[in-house]
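These are the structures, in structure tokens.
Note that subunit A is present in both complexes that follow, paired respectively with subunit B and with subunit C.
This part shows the complex of A and B:
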């Protein structure tokens, strides 16, 4: 077991393109750390640098107090589960799991057998030990890959999108299994994924990367409640956060569909800026008809036309178009691109209680609490409301 | 039915091609079992009386038995060496990026294209000067030269198919590069290695030009060359049936090899390595 420390890690490819740029990250002993981000953000590259399959251009990688920059993968004592499992097709399940033990040459056959049996018991693979990987189902192959990792008392586990090849149901099941295993073994784990559900449910902490740069490292809850910038805010949460351009006039904030007085602390955070981007999570909106009357006064009400309603049983999403005002915003397009073009559409996504009676084309009265807004700088995308964010 | 008609056509062409290819072979077998004294006069494709006389003749002949020994020895040694060398070369070509890789591959291809007949004269002189004329090694060296390019090309294609992650997984599991190669890559490339080995073996086994030019006695002469010097049991008898018997004998290993390993060659050993 060991802690992993990265100091100013840079990975530059031959053409000068920095896949990972100046990343510093501390992963505590026994911590479950998630690396997440859109494709091409450098998360897999970072993982492969930890394990030693990718050279580190500059920076320092320290595992368990030992600088490992120049160590071969086999000398780092880490276990890795690959995206496509990378099982050895010519070996039985038993030999696949025993492979790392056999390479060590300091274990007797009986010891190896006991260890493999133990790992197989944990993963419910006992009756499959004699089979070849090609005869196993996807979930079983996944478990063999995990067996090969846990059998060898490695200092840390590394997972490279281990669930992306499984179907949705199995994915949920394996996710819980991985979490349970990690909790029981208490071993440092780094887990790469592009799936935010995996990121939010598995991680003690989540590191969000974009274009090779670390955006924010925080607990899932903090990431959701206090995103550092627009990118983090848009990436975490489903459906994604609504971004609305807003104009300040004195203490009044003008949104395209409603104007209201901004709470004191948020007003201070905005400062002299005329234009800002306001972020509101879909689930912060409520149907006025269903809001507790004592709460009504503390919030803002507005009326809007509902375009489409999606009813999901446990909640429903209403889409409400609005007019996008003319606004100059540099750097916004880049954020837009990274979020898949979903960020700045001129429509609100509103998550409402399924009891709300709304139809396509109807007019809805919506309520929200302005103190729960996020306010972002137009140019930099930084979250201005961070210091004054509502207590979690 | 359109589909059925297509399949009839396939059968028709299949039988035609099979007959075309098998006819000389069957003729060879039939001649091998005819009596050397009467084969010219007897009519009919198949012998009226089957006889082992021709086989007895060839196996009694020192020319043939030593040639058989030479053929096996030279072919097996050349194949083994070629496969081992080609395995390392192909692995390097498939996995590493180095300067001159393209040049190396095109050179290999060029050598494979080179007309052998043009080399016979110079080789004859060189080998006599070096004192390896009419020896096993004198044949193994040129065989390696001509077999290696093909082996390297085939094997590097096989190595390229193996997912690189296999090797990386092995390295993370604690294997050195050599261990990863030996315990993971080579077993996975086994079908490729077998294919290459068999192709190389056939090449060496059937080769005639160099075998006839670079040998002069029973010391190193291989079967294809020896057959051309065959005289039969006595000089008054036509050697045709005996030559055919000898041909049948040398065809057997080829047929056996193909039957034994065709499964191996076809088997996709990598299935199940990755998601599938």
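This part shows the complex of A and C:
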């Protein structure tokens, strides 16, 4: 068991391009840390520097109090889970887990047996130990591979997009298995993914990277509720947060589809800016017909045309187009690129209660609470509303 | 749903006409020329089809993995590395499915088939196998390819003269970099030791020899990394020599050439300000030193191991001719005579002796080896006939590389997949 500390880690390749730029991150003993971000953000490079596959250009990598910058991968005592998880068809499940220990030749048969049984217990494989892998289900086979990592007694587990190579059915199953194993063992874990759902469901904390730089390190809830900037806000959440250009005129905020008086604290946060970008999560909208009457007065109502409604059984989404105003915004394009070019759509995604009866082409009256808005600086993308305490 | 997207790097109309929009698992033997090739367990579905007289391996993968493997295999091909050739990629009209097409490697073995038929004490063959893996890893690493899952199961083996050539067949985890770090190389070597040991234990378990194998599996697996380290330091050491100490340089160059590396450049630079000592750096090109020489002389395009054997034969022939005629004979002339009068008929007879199986050039290499070994036994040259006879009776001297000609029938003719799914596992 060990904590992992990164201090000002930089990875620069031959062409001078910093793939990882001044990243400092503390991963506590036993913590499940997710590294997430779009492709090319540096998350895999960072993981590989922890493992020892990539040289560290500058900065310090400390694992369990030991600086490991110059240590060979095997001397770091880490386990890359699923890195090579071939199962051997003629070896029993027990031997499939045990043989790497036997190769080390520093453990008695009894010790090996105890270790394998303990791992099998954790993974609920005990009754399968004498079987051959061909008699196991897909999920059980993956657990055997995990068993091989567990018996190593590594200081930390590392996962590099472990589910990307699995078919969709196994993927969901394995996500649960990994989480369960990590909770039972309480082992420090670093997990790289590009998938924000994986990030939000697995991690104690999530480190979100963009262009080699840390954007925010926080619990999934905090990332969702208090994103540090527009990039974080747009990356986390599905469907993503709506971004709408907004113009200030005195205390009045003009959105393309409604104008209203901005609550005092948000107004203060906006300061002298004429243009800002407003972020609203789809589920912050409600169908006026279904809003509790006591709440109606505290919020803003607007009317709009519903283009399409997607009904998914437990939820439904309405897509409501609006006219995008002309606005100069340097830096916005880069953020949009990193968010897959979809951040600023001329339509709102509105999550509706499944009971809502809105149809394609209908006109909807929608309600939202302006104090739940996120307000972002146009140039820097910084979340200006962070200073404002959100109402409970 | 995304539309079907196909990329092909070969002009094969029959391949192009396969039902690419259908998931590979659903391809039907009544409409698709599927072939039964016994392969080991794989984490993804692998099927084989015959198209335009060629055999192709098709692997169903998630799209991202398939694209990645396709690119790595192409990088390996560009660098003339021993990896299966990516022939195509189908991105299927479902959200995440793809099929990677590779050209089937003819006359190749899987380690399982090879080791199941070779006795545990046939150390010569086993050594050749591990040396082949070490050479492959050195070649990949020199060219910036980190494998990530080098194992016996992810490798195919072909005969190459008296050696074995290993081929990377599964590159799902491989990565291509401008150059590898020591950490990447080290990690690959750690992985290979565990994987090779696992593969050996698995074969031993199948033969019911697990306990005996346990003790030696690690040693054998580690022999791969030992051989790797030898080759790597031969390539990368930068020794310091005194001026005039060029003998050491020459012997190093000979050693490099003997393992197949063609020298690109030798550099001698002052090692420091203190004395006149020089630092020696050698840059090498590909591992085809003998193959390129033979190609230049004869136009033959063969493996490095075969070329080493054939060049030896060519030079012996030239010496004989010069002795007979009492005058020097230019090498190109000798090469022409050797090709027409020695190799061509010799390969034909050797191939015939082996029942027409395998590659005629390899058959000739086997003939030469057997003849040499038999001659060594009796202390004088026995000529071709006893060697041909030994090959025809499938009784080459023990431990010879030629022995491998009988280990397994090469994978040329493969049974059609039977309709009832009861496909024959091992070809006779």
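Everything that follows uses one rule, which is that the second predicted complex is superposed on the first by the 335 of 392 C-alpha atoms of A that agree within 3 Å, B and C clash if a C-alpha of one lies under 4 Å from a C-alpha of the other, contacts with A are read in each partner's own complex, and residues count from 1 in each chain.
Here, a contact is a pair of C-beta atoms (placed from the backbone, for glycine too) under 8 Å apart; a residue touches a chain by one contact, two chains touch by 3 or more.
In this text the structure is predicted, and so the values were computed from the model without any measurement.
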item: A:100 touches, of subunit B and subunit C: first, second, both or neither?; value: both
item: Which of subunit B and subunit C A:53 touches, first, second, both or neither; value: both
item: Partner chain in contact with A:168 - subunit B first, subunit C second, else both or neither; value: second
item: Subunit B versus subunit C as contact partner of A:14, first or second or both or neither; value: second
item: Contacts of A:79 with subunit B and subunit C, given as first, second, both or neither; value: first
item: Partner chain in contact with A:258 - subunit B first, subunit C second, else both or neither; value: neither
item: Touched partner set for A:135, first subunit B, second subunit C, both or neither; value: first
item: Residues on subunit A lying within both footprints (that of subunit B and that of subunit C); value: 51-53, 72-74, 84-90, 99-100, 103, 133-134, 165
item: Sites on subunit C touched by subunit A in the complex; value: 40-41, 43, 61-62, 64-65, 95-96, 146, 148-149, 151, 153, 172-173, 178, 181-184, 186-187, 190-191, 193-195, 197-199, 201-203, 205-206, 210, 214, 217-218, 221
item: Footprint of subunit C on subunit A - complex, ascending; value: 13-14, 51-55, 72-74, 83-91, 95, 99-100, 102-103, 105, 133-134, 164-168
item: Touching residues (chain side subunit B, partner subunit A) in the complex; value: 163, 165-166, 168-176, 179, 183-184, 187-188, 190, 269-276
item: Touch list for subunit A against partner subunit B, complex; value: 51-53, 72-74, 78-80, 82, 84-90, 99-100, 103-104, 132-136, 138, 141, 148, 152, 165
